[in-house]
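Have a look at this one.
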Amino acid sequence: MQPPFLSRTTRHEIPTQGKGTYDLTPLLTETVARAQVLDGTATVFVAHTSASLVIFENADPTARADLHAFFEQLVPEHAQGYQHTAEGPDDMTSHLRMVLTRTSEVIPITRGCPVLGTWQGLYLFEHRRAPHRRTIWINVQGSTLPA
Amino acid sequence: MQPPFLSRTTRHEIPTQGKGTYDLTPLLTETVARAQVLDGTATVFVAHTSASLVIFENADPTARADLHAFFEQLVPEHAQGYQHTAEGPDDMTSHLRMVLTRTSEVIPITRGCPVLGTWQGLYLFEHRRAPHRRTIWINVQGSTLPA
Amino acid sequence: MQPPFLSRTTRHEIPTQGKGTYDLTPLLTETVARAQVLDGTATVFVAHTSASLVIFENADPTARADLHAFFEQLVPEHAQGYQHTAEGPDDMTSHLRMVLTRTSEVIPITRGCPVLGTWQGLYLFEHRRAPHRRTIWINVQGSTLPA
């Protein structure tokens, strides 16, 4: 007999090709579907301090371009005075852009699906210039019975 | 027999009358009470990309006025260079103000109540000028037995 | 027989000695270990509006020094025009710095441990100049059986 409550944490490797936002929505949806939780939560977590999460407008690509440009301006690489610069001008700015966005995001699940709105996508926000492999953890937790 | 563990996700429609913060604390408290979870978590989620959540000072209304003014300044509508402007000057700024605050917030529950501090209120932060109906999801999950 | 699913919310008092970041990682790890949850989530929540949470670079102390300096600049105490100033120049700035960082953070648990990355530490971010005692709540929830 399947237990009425379950928790399943899975690890995922996401390759990035430098600064920008990478759509994690299909990964989220598939991971929730595979867990067979009908009512509960999906917790997404980035195991890094120079990449982060945002839930963002998914329809018009210029919205994401404006997002990237905004963070270049709010946390500029050419700013003077950073001490933590061992890995280059995108080192400290990566930590600051990460801290202004999200490390964890929790999305409720109902009827077996995450409740993202029509225009919401879940994105990995890469803050480093160089390509990286990023580790994302997803915990799906809740009831396998209808609410 | 009531199950010792449960998860209940509910949908709520919140009308807003333009930019500002709207108190969701009574909705949170009632939703947690109704679920009869004694120890667990309440996950609040906004299903939009131009409105967000903040947990904020609930006593002095000038604190919220200063919050609103701060975001007008940090992400100004008169800024040049946004590409995503189809819906007016409060379009792209809404997405940026949302991304700097929260889409999801998780509040632990103990003895059947969310653990908000004395001066903490949960607010919906509306970033658009026009009135909207906003969809909020609340998942309450945990044990129906005392810890 | 131990139940296969459990939720345990505990309260912790953290003393701070003025502005800065205070490492909560050992508290998180111990609280998760004590709960005996093998797969699930740890939700950390600050019950205050002038202190917050960040998951941040834990190796090089200059990264945290740059973080502190960045927030002094992004939300400056010498800014004109705040109305909410009853408790001094670090009053309103504390609320704004809190709202730009996190009140809650959720970390998945697998094999009985939080999934923090190698360079990730969980920090309490104190925004007030004076020493305070801060209340942190931690909910640990999930399965006591291996996934």
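The chains carry the letters A, B and C, assigned in the order they are written, with residues numbered from 1 in each.
The rule is simple: contacts are C-beta pairs under 8 Å (C-beta built on N, C-alpha and C of every residue); 3 or more make two chains touch, one makes a residue touch a chain.
None of these values were measured; they are calculated from a predicted model.
Visitor: What's the rotation, in steps of 5°, that superposes chain A's Cα atoms on chain C?
Guide: Chain A sits rotated relative to chain C by 120 degrees.
Visitor: Determine whether chain A and chain B, two copies of the same sequence, contact each other through the same residue numbers or different ones, counting it as same when over half of the numbers at the interface appear on both sides.
Guide: Different: fewer than half of the residue numbers at the chain A-chain B interface appear in both copies.
Visitor: Just the number, please: Cα centre separation of chain A and chain B in whole Å.
Guide: 19
Visitor: Scan chain A for residues touching two or more other chains and write them down.
Guide: Only 5, 41, 74, 100, 102, 106, 141 qualify.
Visitor: Which residues, counting only chain B, touch chain A once they are in their complex?
Guide: Touching chain A: residues 3, 5-9, 11, 41, 43, 45, 47-49, 74-75, 81-84, 86, 92, 95-96, 99-100, 102-104, 106, 135, 137-139, 141 of chain B.
Visitor: Spell out the residues on chain B that touch chain C in their complex, using ranges where they run on.
Guide: So the residues of chain B touching chain C come out as 4-5, 39-41, 54-57, 60, 62-63, 65-67, 69-70, 74, 100-102, 105-110, 115-117, 119-120, 141-143, 147.
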